[in-house]
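Chain naming follows the written order as A, B, C, D, E and F, and within any one chain the residues start at number 1.
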Amino acid sequence: MAKATKQPSKIAAERKPAPTKRSASAKVSAQEHTGAEDDVNITALDLASGKLSPEMDAYFKKCDEKLGFVPNVLKAFAFDNAKLEAFVAYRQQLVQNAETLSKLEIEMIATAVSSQNRCFYCITAHGNGVRALGTPVLGEMMVQNYRAARLSKRQRPMLDFAVKLTLTPWEIEEADRETLRRSGFTDRDIWDIASVAAFYNMTNRLASATDMRPNSVYHGQAR
Amino acid sequence: MAKATKQPSKIAAERKPAPTKRSASAKVSAQEHTGAEDDVNITALDLASGKLSPEMDAYFKKCDEKLGFVPNVLKAFAFDNAKLEAFVAYRQQLVQNAETLSKLEIEMIATAVSSQNRCFYCITAHGNGVRALGTPVLGEMMVQNYRAARLSKRQRPMLDFAVKLTLTPWEIEEADRETLRRSGFTDRDIWDIASVAAFYNMTNRLASATDMRPNSVYHGQAR
Amino acid sequence: MAKATKQPSKIAAERKPAPTKRSASAKVSAQEHTGAEDDVNITALDLASGKLSPEMDAYFKKCDEKLGFVPNVLKAFAFDNAKLEAFVAYRQQLVQNAETLSKLEIEMIATAVSSQNRCFYCITAHGNGVRALGTPVLGEMMVQNYRAARLSKRQRPMLDFAVKLTLTPWEIEEADRETLRRSGFTDRDIWDIASVAAFYNMTNRLASATDMRPNSVYHGQAR
Amino acid sequence: MAKATKQPSKIAAERKPAPTKRSASAKVSAQEHTGAEDDVNITALDLASGKLSPEMDAYFKKCDEKLGFVPNVLKAFAFDNAKLEAFVAYRQQLVQNAETLSKLEIEMIATAVSSQNRCFYCITAHGNGVRALGTPVLGEMMVQNYRAARLSKRQRPMLDFAVKLTLTPWEIEEADRETLRRSGFTDRDIWDIASVAAFYNMTNRLASATDMRPNSVYHGQAR
Amino acid sequence: MAKATKQPSKIAAERKPAPTKRSASAKVSAQEHTGAEDDVNITALDLASGKLSPEMDAYFKKCDEKLGFVPNVLKAFAFDNAKLEAFVAYRQQLVQNAETLSKLEIEMIATAVSSQNRCFYCITAHGNGVRALGTPVLGEMMVQNYRAARLSKRQRPMLDFAVKLTLTPWEIEEADRETLRRSGFTDRDIWDIASVAAFYNMTNRLASATDMRPNSVYHGQAR
Amino acid sequence: MAKATKQPSKIAAERKPAPTKRSASAKVSAQEHTGAEDDVNITALDLASGKLSPEMDAYFKKCDEKLGFVPNVLKAFAFDNAKLEAFVAYRQQLVQNAETLSKLEIEMIATAVSSQNRCFYCITAHGNGVRALGTPVLGEMMVQNYRAARLSKRQRPMLDFAVKLTLTPWEIEEADRETLRRSGFTDRDIWDIASVAAFYNMTNRLASATDMRPNSVYHGQAR
């Protein structure tokens, strides 16, 4: 199947985790945007390759086995193994260990937040997550305008909170938390929603600052 | 192939061009967003079916033959055949009859403009256009953040102009037109770029005002 | 009466429908802004004159008879007779054929929308419309801040919808349509309000992109 | 001449300087916006009439003789003679006593600033000033979008500075002052431009906060 | 105590009221920001010293006695004694002579408004006022985000009105005034709140336009 | 010294790391904002106390020894020891381990970013950092408007990048990175600046979402 050609060579990809700065002559005609370059030149920064710890090396291998590739954000961090480990651990604790939020709900928040910040890397990676865990149409709605989705009485206020927290955090007040509580969320859930939304406000900016590129394989998945 | 099931029944679709108002109980769980309802309840307005002229009937049939479906925007206009005809003619003259803009460039402008206005209908339909005429990755970039694409010296100022015209039209001045001229565009091209960008600023708002839904088949195409 | 001198020579005006690009040395001292140049150099684009069809020629003559001039927007489109015809037909169907909106209400929407987009051409032409069909004061309010007018329970939500659709179309939701319905509007009226507001969001951008200038005669009318 | 009927009765107007709160049933049909009420109920606040000092009484009389009416802003301040005197003196010193700015230039700044703040009172009063001292067309441009005017190399940067100071004062830096200096302005002129722009940012807000209404006679003048 | 060294020499300060333009080589390393220069070079404008009237000379002396310094805003105006007198009188009448607003409430409005406009001079001077009249913590909240303070049912709507009037004055309507009335404010109070908020919108812009610097002594006071 | 009374009791503070939800009757008169409550009720969420690991317990003790208190952000995370550890490690790696950015520069970025997001917790904590490592005046400038500071050719573009990344991350492009490189920053520095700015965009939102309150002792320090 043609799409297989978009997938980066697994072996090459995992052996060279650190990005090399992309060439200056990167402008291409519209028809040439195959995404292939995005799998090689991951960020706009020229950072020398670091050495992965055995744990991180194993983690990259596990990604490759499960997903067929190592997400570029991990490779981008790999110039410094200590930063990579801290990032992976933080994401585990502050995003993935939410108490009642489902994996799909986490991906919905990640995508809706990233859409507000127009982050190419994160919209691509997490839009894919919503498509895979929810439906392809729901993924597109989270990317384009989450208000277009007909959401449950739990998920709409959850996203309203996450998006307001993204756009005008200084306007979040007790009334906003009360809306979440009335929608069935506990105070721990409020922490988790905030924590996920805040995390992607961070990665959106790290990705935009470095022109981080998503693995091209994401684009065709779960369509 | 599984995606075929997303495609609306052609026969049913073309026989009933006018939308019926969607049911109030439209909220569904996230996993149920299949897009199927979008093919039946096209807008939030309850407008009685109008009768198509022979010309428009033929045009719908031709769409169905070429695309496999009638775009929902046409069905949405079909409650009044005279409006439908005016829309089709206007789009033909003001969007499709551009002098040197390629079909792909027109779709790129349409998608980048619609992304600024976060219009679910138009991003979906024209993002598909960019994917089909350009590449899947280019389509995603136009949807998410056109600045992520490595564009030619012609296409980047073209999109910069279209997006500025969308966001702060009152700030467009001679210097903006001069930038286009220096990028190789004629005055006729400037008209065409403006005309296409202005047209989608119109349809974005008509679609948002009526909650117009894109044909679900778009989502899976040209991925 | 002195103001008569502002009116463009009818005969010259209608014989040369297509604009010629304005001279580069167009900057003048503040006291010299008579608007006279705006009747000659209609846009910033240098587009060769097109030939009008007999129908459009007759339409221009009819404008001249009824208004005393041909609106510059029509002359701006006249470089291409097919585009001109499509524009006139579209405006007829999507703006003028509203079901219950009065001519004044259409002009109110046009002016309030154009004011948000700060479009010199459209505010001038449609502010004049509001002054003529309503009152001079109402015209000024639509130009400056529609909230200053003491509007009926029908017209205020109508303008609120049109202005929200102009500024943040992605935030229009069912609640906005329900507000219109509760104010006595039918679903067909919602279409019409949206259609008029969307149309002027288009012309505002076409006028701003080309620096289209209003006929100077508008400024002094219906004061 | 018909417009004379719009002019408030001079005698009644000057005898009752203090506004009385407008009636709650103020909503009228669009055709009834004659502005007549604006000459009677000047603000939305119910403030008891104050007694004018002989100096202010004489000033009101002088306004009436020169203009044919007392500007409503003065009547609005008249509930407290000390505030009125301070306002008149401050305006004299900080606006009218500019060193090289012409009266027209002051009115241009006042109108362009008030247009950004969409202040019905100030746009009306100062738009009239630009029409009277400059041209009717220039007045309309200042109201609608000052960028539409073809301004001299002195007046365009003057307005750019005033408008930037209005919208994003925190972004004004030495480079902005240098642009004014290179355009021929002295440091004293920079003070004056800033002082005028700042003054109208104040009156715009005082007028908006109290729903201050302009004398209806302004609308028809200098057209 | 070390902080005493920050205080400008009283004698030098009051003898030279007019600012001299600051040197071009003003960029310093971060550790050198002692504020000392701010006490000498008060604005970015080079305006020749004016002569103070006996009344203003006495007023400066009184400031120096009470505060230990002459506020730089007064020195900045002192290039023209007539402007200075008008400013002092206007501030007395329109800010300080509020009917029921306490001195602290006036400082709270001044600081919250100045924070929206990010004005270094006014936030510094009035943040100090809130700290001195209220508490140090309240001062910090007004500077940073007034919503962080737990305010009384009187003070929160007062600040909401002042901040909305600052950011979107065109959206202030009768409903906003009604909210103040329901919170116990009279129409005269509404005038006063508006007058104070409007005044600081003026001084914020005058200070930003001229890069006016606050007396360094403010920073350490009432902490 | 009076300020000592503001400092929370160390012993009580460190024994109860987890916040308890603040009482509903939290509104106080302006004079009562002593900040004392902020040291007890740290966030608006009611999250049960967690047990600290020996490492985190030691870390809290070390904070208390060095600073005289445990920063409230750490106590806020302490409901879940694993999250706390991840946060501390991430901050260590992504913020504190910058290669060439000085501690002061990191605090400057943190404060300027937090000021854009109007975050009470972070402006307070990091404004203190700038005051302590730089000067009191520099701290105030970072809080109020970083453009007011006369910064070196290294620090101004550093903050411009961090603030643009905060406000419009989607507009960061290669030209922005080139500006940093021309200002002497390496690609590794660009990563570090982005990483610090991104981190505080995260904590700003976590703090705003939970109404996290800064230790009151910060307010009076390094003044």
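Everything that follows uses one rule, which is that a contact is a pair of C-beta atoms (placed from the backbone, for glycine too) under 8 Å apart; a residue touches a chain by one contact, two chains touch by 3 or more.
Everything quoted here is computed from the prediction, not taken from an experiment.
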Third chains touching both chain C and chain B = A, D
Target chain D, source chain A, minimum contact steps | 2
So which pair out of D-F, A-E or D-E basically repeats B-C, with more than half the contacts the same?
-> D-E
Find the geometric centre of each of chain E and chain F from their Cα atoms only, then give the gap between the two centres in Å, rounded to an integer.
-> 27
How many Å are there between the centre of chain C and the centre of chain E, using C-alpha atoms for each centre?
-> 45
The distance between the C-alpha centres of chain B and chain E, rounded to whole Å, is 52
Taking each chain's mean CA coordinate, chain A and chain F are separated, in whole Å, by 25
Among the residues of chain F, pick out those that touch two or more other chains and give their numbers.
-> 118-119, 145, 170, 173, 211
Using the touch rule from the top of the page, what pairs of chains touch, sorted by label?
-> A-B, A-C, A-E, A-F, B-C, B-D, B-F, C-D, C-E, D-E, D-F, E-F
Contacts from chain C onto chain D in the complex sit at residues 3, 26-35, 38, 104-105, 108, 115, 118-120, 123-124, 134-138, 140-141, 143-145, 148-153, 155, 211, 216, 219-220, 223
What residues on chain B touch chain D, complex-wise?
-> 170-171, 173
Residue numbers on chain F that touch chain A, as the complex places them = 21, 44-47, 79-80, 82-83, 85-87, 89-90, 92-94, 97, 117-119, 161, 165-166, 169-170, 172-174, 177, 187-188, 190-191, 193-195, 197-199, 201-206, 208-211
Which chain A residues qualify as touching chain C in the complex?
-> 145, 147
